[in-house]
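Here chain A shows up in two complexes: once beside chain B, once beside chain C.
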Partner chain A sequence: MNASTATATSPLRPPGSAWPSRAPLLLLLAVALAVPLFVRSATYLHILILLLLYAYLTTSWNLVGGFAGVLPLGHAAFVGIGAYTSTVLSLQYGVSPWVGMIVGGFLSTLVGVLIGLPTFKMRGAYFALATIAFAEGLRVMVENIDRLGPFLLNGPRGLQIPPLELGFGRFMFAEKEPYYYIILAMLVLAVGITWAVSRSKLGYCLAAGGEEPEAAQSLGINVARVKLVAMAISSFLTSLAGTFWAQFTLYIHPKSVMSLDISFEIAFIALIGGRGSIAGPLLGALLLRPVSDFSRIHFGDTLPGLHLVIFGGVLILVMLYQPRGLQEPLTRLYRRALARSAGMRERG
Partner chain B sequence: MTLLELHRVSKHFGGIRAVEEFSLEVQAGEIVGLIGPNGAGKSTLFNCVAGVFPPTSGEIVFQGRRIDGRKPWDLCRMGIGRTFQIVKPFASRTVLYNVTVGAFAVTSRLGEAERWALEVLRLLRLEDKADMRAANLAIADRKRLEIARALATRPRLLLLDEVMAGLRPTEVDEMVAVIRRLRESGITFFLIEHIMRAVMALSDRIAVLHFGHKIAEGAPQEIARDERVIKAYLGEDYGAA
Partner chain C sequence: MIYLLEDAINGILMGSIYGLAALGLTLIFGVLKVINFAHGSLLMVGMYAAYWAVLLTGAHPYLALVIVLPLMFAFGYLLQAVVIQPIFKAEREVREPITVIIVTTGVWYILDNLGLLVFGPQYRNIQDNPLRGKMIEAGEMLISVPKLWGFCAALVTAALVWLFLQKTRMGRAVRATSLDRDAASLQGINPYRIYNIAFGLGTAVAGVAGVALVPFYNVFPTVGVLFDIKCFIIVVLGGLGSIGGALLGGMIIGVIESVGPQFMTATWTEAIVYGLFLGFLFLRPSGLFGVKYDW
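Then we have the complex of A and B:
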């Protein structure tokens, strides 16, 4: 049955009606907050941190890749810029990684806008290819230079962060729990921003421009400009994850923070979960991250990259049967259950 | 007051002269029809006015300001709305969402934009389909949605590109009524239309385009009697009728 026929009643919905649709997200948050109390194993916590990290990355990516209707495949570049900026600043100048995180964020924003200026006029695959080319170019560049002006990058050997001083100010902890809560807070922030954007003029303009650019322009929307705004927010947020990643692993090199695999995995999670929705990236990360971790643990030596093969297969199935991602059937089921329980309450 | 002036507007695509030295004035509050055979250059002319591409030569003036070469989104903000011949709804979204996008041209707050969008939907009798997905609308409603969306931007001038094509006779009558009602509210219309019954009934003046040239302009009755128009477009039967 079609969703629209069921809801073709009162167009004036009360403003509070968005609330039940938020309930699952709040429930998820409550569970996420409680998880470290039960999960004591460092390995599992590590896997969960990566899950949240990818949910965060994909949520950030979704602002452009989901709402603006383009397919950026070079977001690893921003992860790399974030990781390198905060690490270089803290190693060479003793700047707190928290400050470096913000500096990296702005640097990524600048770079993101510079990439967006020429590429947002491209359509479909050309845009995707341009972003891949940029991110790969940046990675190859970093791999081949030891010094960028006064900054020591160390080429392919990367940078190690000696755990000399622990604590919140230095963004360095002996246990995994603080990292878990930091990335969870970042994710909540990113989801909050996405939610606010989706209900704002910017969100409407992005969606319109992504779906029918010519019509959007005729309605007063400078499509290229709203995409740039989305790109600025998205690259800023993505960059913060780079700093987090550097402080979490205490070792970064071009392959670990700028590789194409990161960009692809983000896109896989988004496409399978459902791009352009708030729940999609979360759902996608929840489903795909365990696959990628367990395939790495069990087949890391024999079949490296197996997870990407699995993702590819799943993606084909999802695109065939649920082109708007797995969030759609689930949202529909949830809405139906909600309607049914409301109906039962009325009768009872 | 003259709202829109076109002075010797030409548009060439390589060697093809789609529109050649077209001049026309549209007064505020008027409904001006543009007719002509397929490929005469009507949509090209509309696209020049709406800023999709600049004219090759000539001047377009709106409310006393030169507008040729301006971008569509600027023109929309200046008060020119348009619909597309091949409708372009935001298909995955609801009707209300579609119109709200237009309403955001006049406000930045979602609540206000949705309220205004609902008002526009009510004006076009689409309010009971507000929550329907645009993809599921029948063609008549899609055409209405095009108008509603453009209307939500509060235009002074509305360019309608064949909003009646594909409609049944009763739907055409409804659309004519809708456009008349909107004109009462102060909106000026410049419309391309092939359904003669509707153009003749609606327009204060009609311009006829043939191979890029304006071959006639005048009141509907004059156009219906014009020899060249009958030959080029209406056909002998229409003149006899």
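Then we have the complex of A and C:
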């Protein structure tokens, strides 16, 4: 899973070594597919679904936060737009959440582009601030609006989705397994898109614009435009997670789907795992989600907030000693092991 | 009408305290060119320091300043020297390293949640202090005394910071570093020491705001978040790096918050503030008094 980042983030590497570098990712996928056969406990499955959800959110964030070299801190806004769009459409008009999911995705894309349009020209800090302000502003508005035109939002009380009709078409299941496989499929899709983007011309332009905007511009790359494209894809994908969240929990309110904490947790996972790489978000979610679930379950009463202290501390240490995230040393280790085994085969 | 005036005055007073909190942020940005995301948490630390100083000594709330000011300066100085400086050194050629923003976010999460671990989630306030709930009557208007003192503290602090920057040798070194780090170091100024001092000073100003707030405001671990986002908005409104802009930006927010509820649901004012902020960010990112070069 780690070495694939090498082919992804440094496109100059010859593609000959594609198979061994993709092996860990495929292995991980095989394990992920088999997990529900062994994990029967609903609680653990719930935790795993949240892990995959955050891996998905972070992978989506990574398209703009990692490859485009900016720091978006308001992705919860897109989660909220996705959750509210599909929920309102299905509650009031009986539209299948799957359709609402796509509608919400396009709505988020529109919003994402509208935010990106003026802000991508600014310096990094302003972009971060603008995204925070937008997400918080949106949350405050939804908290204040009971009814937006014909749409019932119900303000701070949120919306409850009555589990009347189960089944795939209604995106509603009694067991956790279907949710698990849906979010896994979404994650595979997002990773696939990231992989495709990173090897495309768009990916090269993004990498160039993120690292050296002036140099990229002098080569004729419209840096702001490639960032906008990345933002559009990222906000679309992030929004889909909102619909998933709504259908999974069957209850949404502004604080649950649009809070600043979600935006920050996504960014933290990406930064610690390694922004701008394919494996980084997966690794980050794999490492951090269990920490937060474990500390919430075991120390939630006695030591509240412990996991956030750990997150903050790990984040600072990673930024100081591994600014490209934890995926980098692991990738290096894996590649060294590969080289060693290859060398042994040649000699033998 | 008289209520409107009363609200406006109280809004200006409270807003100047917001401005005081934001002053530290703008000071740090002016020199380091970095938005300190942990600023609200530093304010929270200052408020707890003031709270415990008053509670343990039983002194007048404003006397806590004697303890809080040097404590906060040292805290900020060390925070910059130990945690943030290594990143500046690693990314020497970047003018505005985004990694520093990330690290200050980490500091924010650590401080807020350490506050939660150590002090618990409960709201604390100093029950029997001479300023609590005290009002003066001006005609038919009631004006809060601790807010009035906060207003004075904001003006005095801003003036002192301005004097320090303009009239002292050290202040000149700070301004030189802020203008051009490399040129300043050619003049024999150690920019990292200036960074430490600027960060310490910004933190100390947050401490002053904490002392001004404690007599009438609740102290709790996430109090910083309330002020954090307000401070960001204020400094962008006033212009990043501008002292007068921070005060004026704070007063604008204060007036919107206190007069707004006369015309709409109180929670809507928050949305208006965010809208105003985004409007400024898009249309005039240098703010009211900011330098165009700096955005």
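Odds and ends about this structure:
Everything that follows uses one rule, which is that the second predicted complex is superposed on the first by the 326 of 348 C-alpha atoms of A that agree within 3 Å, B and C clash if a C-alpha of one lies under 4 Å from a C-alpha of the other, contacts with A are read in each partner's own complex, and residues count from 1 in each chain.
Quick note on the criterion: a residue touches a chain if its C-beta (ideal position, glycine included) is under 8 Å from a C-beta of that chain, and two chains touch if they have at least 3 such contacts.
What you see is a predicted model, and the numbers here were worked out from it, not measured in a lab.
Shared-chain residue A:G167: touches no atom of chain B or chain C.
In the superposed model, more residues of chain A are touched by C than by the other of chain B and chain C.
Look at A:G192: by the touch rule set out above, it reaches neither chain B nor chain C. Looking at the shared chain after the overlay, A:A125 reaches chain C, while chain B stays out of its contact range. By the document's definition of touching, of the two partners only chain C reaches A:I316; chain B does not. By the touch criterion defined above, A:G343 lies against neither chain B nor chain C after alignment on the C-alpha atoms of chain A.
In the superposition on chain A, A:L308 makes contact with chain C only, while chain B stays out of contact range. By the document's definition of touching, neither partner reaches A:P329: not chain B, not chain C. Residues of chain B that touch chain A in their complex: 50, 52, 71-73, 76-77, 81-82, 84, 88-94, 96-97, 100-102, 104-105, 108-111, 113, 118, 121, 127-133, 136, 149-150, 152-153. Interface of chain A with chain B (complex): residues 2-5, 7-9, 11-12, 15, 199-201, 204-205, 207-208, 211-212, 214-223, 324. Residues of chain C touching chain A in their complex: 34-35, 83, 86-87, 90, 96, 98-99, 101-103, 105-110, 112-114, 116-117, 121, 221, 225, 229, 232-233, 236, 265, 267-268, 270-271, 274-275, 277-278, 281-282, 285, 295.
Touching chain C in their complex are the following residues of chain A: 69-71, 118-119, 122-126, 128-130, 132-134, 136-137, 140-141, 143-144, 260, 264, 267-268, 271, 303-306, 308-309, 311-313, 315-316, 319-320, 323.
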